[in-house]
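Would you mind keeping the following structure in view while I ask a few things?
Letters A, B, C and D mark the chains as written, and numbering starts fresh at 1 in each.
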């Protein structure tokens, strides 16, 4: 796909892109992966600690402790986002902070506080799901397809 | 043990995300959307629930679990109400993450200003 | 007047009477903090939006330039400005406060030289006596317009650049003391098919090279004619890529005399990735740092080549390549032209 | 730069903290089959705990099971099972297999079997209470009913 597109470019542009690629600072993929692993793992570990806490001290089972765990992580994210810490964590950890549910919460919360100058309805309300929207949209749609196939299959077997 | 595996499995899912960022040059939105769809499909094959049993929060905290619980909600409702349940049940299980994010988003917008 | 195909030679030598340079907190920790007139501690400047903060910085830099030149605000004939934010509204609101006839420009980060070239052209032709020419940008305002909310934890690759928070304004006049604007070359839109919005330096380098080559041909001089060739915001990648490209075209530039504004403002340990960028980047570095060196006599002739990436968030989402432009203006200390 | 240091310190802290946690809590210890904790409760106590004891013996044959807790009243048998962690991938199959096995052997009782940590914890407390005779028959019945509904709860 990308190669095909490149071939349509004039030779001058292709030549420049090769020259530029040599000068481009490469992303430190391995280092980033290590950082993502450590921070992402740490967030999940904290999640597990919170889950265990809820199981031991409240009437939650392994199944039902998931929801309060997520809510707790989101509250922590709100504070970290509001005090301007989460974006620095994100620069350090990359996917390590983006992939856990805290990253989803950060996307929602950062959009919400960013757009306060535009008002609460059109600014906060209208832009809150700007970044997280696609996740919800395609999560719901793919879940619909998967559940549909499963249901139809079970109906005929 | 569960703590160790939560760390390792959660970390590995994040590494997959990082590879999508850096090697395939996808935006965060593309990456997270893909992971959610993958979570839904894995649950379709019945593979995500064993992972949760094994890794606990290592599988429930990453965004992939979002797809999993959407399918779960839909399936639970479908068992009771048939095909129409697939549509009505989707948010049954997932609502905590989305509603908490929205509620605390609004609260945050009342409390905080971006720091720049 | 017209020199070659796309350059102007200003025979009446418009003068840069004075400048006003304003910066933000991050710039205050940088290498050239002493060259700013005002440095703000607060990203918000006590305003309720980043766009408003940018507007205030623009207004302040205009006031400073007017005050330093010891003229009355009413004597200014035109205000030429532009920026990166939606339909250049911060510049427009600043123009309302400045309250003089206004040209609004958009050349992204090349706006500073475009406005300086137009100001010189008008002064040279006798169309005005005093013109304010300046630009402003704000890191957080640009972030939320072009990238993500400022508190979003997205990871920026090392090719990304840091938008300068600041404003730079020059008061151009037909007479008086100060460095003079001798020539200007207007750039063409150059697009080499690069689509990565996190690597603008690499995308803009060919535009800078194109303008430098045409300028040197039009003026019929060697690169060594200038004490410094200053590019706008190419950053590390763009600077090196443009250097290679110049060499490929057979133009030998002394690497010590080829500098970039984006690499001038910040220290090496500030987390700016590949360097600074933004409309204010070239304005702040030139009107502050480089003109001060010229006043001290350390520089005689400089060629300022501000580069701009003319994409929008929309064009990037539609997978269009990044169109780039560069405008060049030569500034010389009085007596430099022999 | 000190952000990096903070993250390292926090991760070390949490890792050591949870390592301690594992040691302190016997339910997390993968003890294996041999030293399986089988506290048999006397049959003379408040309610005849014989079915529970039989169930424990039956389940202790499984190598994958590292701990069993069970409590019963007249009609209900409530069993909590702790399974070796590496077996948890096939937890669902395992659970239904055990459930089938128990149901075959205790056809006269309503059996609830769970692998949930919460149920295990509560059963442990309940066993303790029975042993110390701190619980009346009524309370026991109520508690079993409560735990049964807790184990059925989803998400």
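To be clear about the criterion, contacts are C-beta pairs under 8 Å (C-beta built on N, C-alpha and C of every residue); 3 or more make two chains touch, one makes a residue touch a chain.
Just so we're clear, the structure is a prediction, and the values are computed from it rather than from any experiment.
When chain pairs are compared by contacting C-beta pairs, A-B ranks highest. When every chain is represented by the mean of its C-alpha atoms, the one lying closest to the mean of all protein C-alpha atoms is A. Averaging C-alpha coordinates per chain places the centre of subunit A 36 Å away from that of subunit C. Centroid to centroid, with C-alpha atoms defining each point, subunit B and subunit C lie 45 Å apart. Note on chain placement: the centre of subunit A and the centre of subunit B lie 9 Å apart, centres being C-alpha means. In subunit D, the residues that touch at least two other chains are 15, 18, 21, 154-155. For subunit C, residues touching at least two other chains, in rising order: 50, 148-151, 154-155, 157.
For subunit B, the set of residues that touch two or more other chains comprises 2-3, 7, 21-22, 28, 113-116. Chain-to-chain contact here is organised irregularly, matching neither a line nor a ring nor a star, and falling short of all pairs touching. Contact between chains, as defined at the top, is found for A-B, A-C, A-D, B-C, B-D. On the subunit C side of its complex with subunit A, the touching residues are 48-51, 144, 148-159, 191-194, 199, 202, 205-206, 236-237, 240-241, 244-245, 248, 271, 274.
Interface of subunit A with subunit D (complex): residues 38-39, 42, 45-46, 49, 52, 55-56, 59-67, 88-89, 92.
Within the complex formed with subunit A, the subunit B residues making contact are 2-3, 6-23, 28-29, 31-33, 35-37, 39-41, 43-44, 55-58, 60-67, 70-71, 73-75, 78, 82-83, 85-87, 89-91, 94, 96-98, 100-102, 104-109, 111-116. On the subunit D side of its complex with subunit B, the touching residues are 15, 18, 21-22, 28, 30, 85, 88-92, 154-155.
Subunit B makes touch with subunit C in their complex at residues 21-22, 25, 28, 113-116.
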